[in-house]
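To keep things simple, chains are lettered A, B, C, D, E and F as they appear, and every chain counts its residues starting from 1.
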Amino acid sequence: MNVVLKIGGSILFENGRINADRISKFVTLIKQLRDEGHSVAVVVGGGAPAREYSKVARELGASYTIQDKLGIEASRMNARLFQSAFDNAYPNPPTSFDELQVALSTHDLVFVGGIQPGQSTNAVAALVAELTRADWLFNCSNIDYVYDKDPSKNPDAVPFDKLGYSQFIDIVNTLEQKPSGYALFDLVGAKIVQRSKVKLCFVNGEDPQNVVMVLKGENKGTVVYDE
Amino acid sequence: MNVVLKIGGSILFENGRINADRISKFVTLIKQLRDEGHSVAVVVGGGAPAREYSKVARELGASYTIQDKLGIEASRMNARLFQSAFDNAYPNPPTSFDELQVALSTHDLVFVGGIQPGQSTNAVAALVAELTRADWLFNCSNIDYVYDKDPSKNPDAVPFDKLGYSQFIDIVNTLEQKPSGYALFDLVGAKIVQRSKVKLCFVNGEDPQNVVMVLKGENKGTVVYDE
Amino acid sequence: MNVVLKIGGSILFENGRINADRISKFVTLIKQLRDEGHSVAVVVGGGAPAREYSKVARELGASYTIQDKLGIEASRMNARLFQSAFDNAYPNPPTSFDELQVALSTHDLVFVGGIQPGQSTNAVAALVAELTRADWLFNCSNIDYVYDKDPSKNPDAVPFDKLGYSQFIDIVNTLEQKPSGYALFDLVGAKIVQRSKVKLCFVNGEDPQNVVMVLKGENKGTVVYDE
Amino acid sequence: MNVVLKIGGSILFENGRINADRISKFVTLIKQLRDEGHSVAVVVGGGAPAREYSKVARELGASYTIQDKLGIEASRMNARLFQSAFDNAYPNPPTSFDELQVALSTHDLVFVGGIQPGQSTNAVAALVAELTRADWLFNCSNIDYVYDKDPSKNPDAVPFDKLGYSQFIDIVNTLEQKPSGYALFDLVGAKIVQRSKVKLCFVNGEDPQNVVMVLKGENKGTVVYDE
Amino acid sequence: MNVVLKIGGSILFENGRINADRISKFVTLIKQLRDEGHSVAVVVGGGAPAREYSKVARELGASYTIQDKLGIEASRMNARLFQSAFDNAYPNPPTSFDELQVALSTHDLVFVGGIQPGQSTNAVAALVAELTRADWLFNCSNIDYVYDKDPSKNPDAVPFDKLGYSQFIDIVNTLEQKPSGYALFDLVGAKIVQRSKVKLCFVNGEDPQNVVMVLKGENKGTVVYDE
Amino acid sequence: MNVVLKIGGSILFENGRINADRISKFVTLIKQLRDEGHSVAVVVGGGAPAREYSKVARELGASYTIQDKLGIEASRMNARLFQSAFDNAYPNPPTSFDELQVALSTHDLVFVGGIQPGQSTNAVAALVAELTRADWLFNCSNIDYVYDKDPSKNPDAVPFDKLGYSQFIDIVNTLEQKPSGYALFDLVGAKIVQRSKVKLCFVNGEDPQNVVMVLKGENKGTVVYDE
């Protein structure tokens, strides 16, 4: 199978430092998936360094685009860290779409960070899933489910086991409209997932084995799909 | 001044053929702007060939991402056509954000097409405007104004002379939610324009001199800005 | 076997529009060749868009080199259209000889357009054939045979089943000397084919299955070779 | 004048976080130097993130080369942070020597990180100085002077105002031979400085204005030069 | 003025060694031209190393294309040698047409070797002349004039002061048809020169000052041009 | 096994001309190693052309960095000559570390020259060995053994069969300190070999079969290793 993992930057850092243990567990997961014969593409977020470098750039007078660029570079650093654990992966995070395509066409293990300002790593993950006709796109972050509203502010937020694409887009859209919207996924990415009918699964990445459990058919997290 | 022109593909073609006269008028406009000392960046849309190549690719079984890619290549062809009229422009449409930055840092006349699937040429134009701290971003298409709804379907649609950013984003958002929404601008681009407070002006590109008139202070089309 | 297909732009367009049916038949041919275990490199011409973009560029004052460049870009668009039908091809038409070599060394299915002004896609096809030590180079255009003179103007033109390289070069050379010479092949390409003793076969590409028939040993079109 | 600044990673971070104030002061220095008409190339070290990413890569089983590569990427992140404060600098830290040369030939403000494993950022700074025939190479770190031995371990270490190249190389060499040698400069870089007779000045970068004082003729830090 | 110099490899080597004195004289010429305000592009041939490396490659079983490639690399080495004398030239010989265009658009001193197999450095020089709308293309080799036949074999060969383009193409064509034809210029290059009406001048490069004399209006060598 | 061969430029040339016979013997060796299933990376030195081009560049006033660059280009020419004998090698000598990594990750036969000024081809070979976790790094030059001092000047120099890394580094270091030190290996490379525990073997490359004999367990040359 073709599997795309989106690993949120939030779960790779703790108090501004790399969470080496967490990364190690994801490395184990990826080796497992590869041993089982899957092609794996991994899109990694920026996390704490992305925020820190962007913040200082803003103070130095950089435009938002350049701040985004620094966040992207931070996500590529994180992608490189994962690459460093594998001798057979494509060796650099692609810096253009053309390079991304070459990487995916020559290696069945590719690590990607952000590619371009104005496009989130969730959108990149959706593009990679579409391009590789992936069977699954896993969004690994620090949430257990997609909820109907921000669970950190609404104790009565309802988690979903399953969601259709339109329902999911409605939720993403609602969140995006609010300044306080939590960063679940972005609208561009959601629409790409919908148009390509990629099976998108939100799992808690604090335990990367959740991905294996979903692949084995267990119910974990929220699956977005139209049956 | 730093001026960004977004030239919609729709006004560059007529019955599937290049509208050479229209292009020639834009070339005249760009030369005028340059003679007056402005730095100019031009982002060009894909138009009829973008649609035609994408359509055939779809029939051949290409993924949406690859269809988008063909549309992007078509927009770059159009950008090259404009380049061909100038001996002093950056000679190739950038194919990555890094190359775009290099081009903008070495030339004060740059032509750009699309850069990456999942990102419209309107979003690219907004990024270029942000990156160059542009004074104006002109969106040149076949409409005279931004209306409160699709004027082709609503005879009572009301045109705007001026719009605040939030109002403008509401309109773009409403259009994006409808399957029948006409392609005014995209949400990502609109938000970039807002965050950087770029003065965005919608003018009818059938007469490119409208741009000059706006720069001279005349009321033409719709200006999006927060006073 | 290593097979190089040169697909002339002329047979990919009809009245300025893409001939989707023709392209689809070539896609079928290429899949057949691949299923039979052949490595395939395809060099695609520019056709109608090449002429149209070049013509407008000329009107805008572009140099001949730049006009050629636009024609090359158009041929790359066509190469991309073919690429879009295959998930396992090298993903971009090479833009330099170095990239061409990398593509041929990592993929056994590569689509190429023109590479550089001053060099026709026939010459590129001959170089690719030489580089891959190809068993066959098929020139697929809208002619059935190589004739001793331009058949459209000479009802008594004699078609050839077979031609030695020197004879072939004489014909190409005679054609090149006349302003009205029809575009059979170019001299540089012909000499490359001769020096490397590549078997060159001209077949009518309106029915791509002609290629299969020649590979099966049937007499179709004109074979250029020294026994 | 052509001035090269080597800014040690050590003074850009404090407790693992970016020292925004320090960076801001260097930005001020660079703007001053530019206002006075100097061409400036800046080579930035990796600092805390270089160490942190390398350490985790080592735990993940990466080779030393790959650990070095991560350190280099971290130094490029830092170079990007400086770039973000200037709209007219070369926009990306060069990733190859060829790109470095292009950058230096098109911009008179260039920010560089490490380029390649096996070569320290001090060696890169020496190469940049040689390539630009720099008048001064300033090594800005947290030391006030070059000493005859490691001052943190030898209370009787003697600081130098001036050093000849051979003397300097002897010191660097002695330090390199000891496992406990402090990272003053590396041997390759020292020899490059010697062969090109670049004036190398060690100043305390905690106050970047020290550079200005040296340029004004004041005695600050240690100057390595043969009179 | 825009001046293109084609420096034949034959005059850069003597008995297989670099003719440093000759190169030094060309460097002086180029500095003179630059001091007089001309933009200069220089295309350099391969000479003895091109032949030597190609010959060994042939013995090792390389295809003709690869042999050509080695000759091209040798011409780039020679171009680099010229570059090494100038701090303000574009720093690398372009390896693709896209890079050539960028180089010419950012620097008014560019050194070029061959670019691609199947295309001589004379053709490259003609393209560069066309692209830069050059006033003069000087072909500097070891001949004093263009003759009506090979002067080394025909004591009665007649030299030309002037030639029209068609006459010139006839001569080039006649030479190309003979296996013993001496390498005056190639047909592709000749046709590019004709279509763009570039003034092409053959001068003896053993004394590079001949170029200056022609620019001053003296009669030296053969000028190809249509009045 | 992963085998890295460093072929010194000194043994590839004789009286300034390519030693075709020697190269041919190395090609035979490499084919043997490949037939036996080994992955092979070859790092080639610059030899006579490196010295000749650098010397002329120095006379033309080039900086040392640029002189080094010419030497690197010469080593790449030599690497290309080896490439020309193989249809399945990575087709170009990498010009950056990123490209080197891509080459090694897509091909199990890669030819490399120098990469960057300030870094010898011995250091590059050590990096390649580290990166590929090579079992052996063979240094093929015109010496039979590592001696305790320069054997050409010391008739009593003692050859080593075996050396520990520290001992070896002491020898390299002593040689580097003397202006007359012969070019055995460089310090940076030696330290890389030590840190990665690559088995480094010095053999006389005048007979490349020595490499095979060492792989078969025979005693030839000097092995540097810590047991």
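Everything that follows uses one rule, which is that contacts are C-beta pairs under 8 Å (C-beta built on N, C-alpha and C of every residue); 3 or more make two chains touch, one makes a residue touch a chain.
Quick caveat: nothing in here was measured; it's all calculated off a predicted structure.
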Practice item. Using the contact definition stated above, find the chains touching both chain E and chain F. Key: C, D
Review point. Looking at D-F and A-C, which pair shares more C-beta contacts?
Key: D-F
Study note, to complete from the structure: Interface copy of C-E among E-F, B-C or D-F, with over half of contact pairs matching by residue number, is D-F
Exercise for review: Would you kindly tell me how far, in whole Å, the mean C-alpha position of chain F lies from that of chain C?
Suggested key: 43
Exercise for review: Indicate the whole-number Å distance between the mean C-alpha point of chain A and the mean C-alpha point of chain B.
Suggested key: 30
Check your understanding: What residues in chain E touch two or more of the other chains?
Key -> 66, 69, 98, 106, 133
Study note, to complete from the structure: Seen from chain E, its contact residues with chain C in the complex are 63-66, 69, 95-99, 115-119, 123-124, 126-127, 130-131, 133, 173, 177, 187-189, 192, 195-196
Practice item. Quick one: which bits of chain F touch chain A in the complex? Just the residue numbers, please. Key: 98, 101-102, 105-106, 133
Revision key, fill the gap. Residue positions on chain A within touch of chain F in the complex are 87-92, 106-107
Check your understanding: Within the complex, which stretch of chain A touches chain D?
Key -> 16-18, 20, 23-24, 27, 49, 52-53, 56-57, 59-62, 66-67, 69-70, 73-74, 76-77, 80-81, 83-85
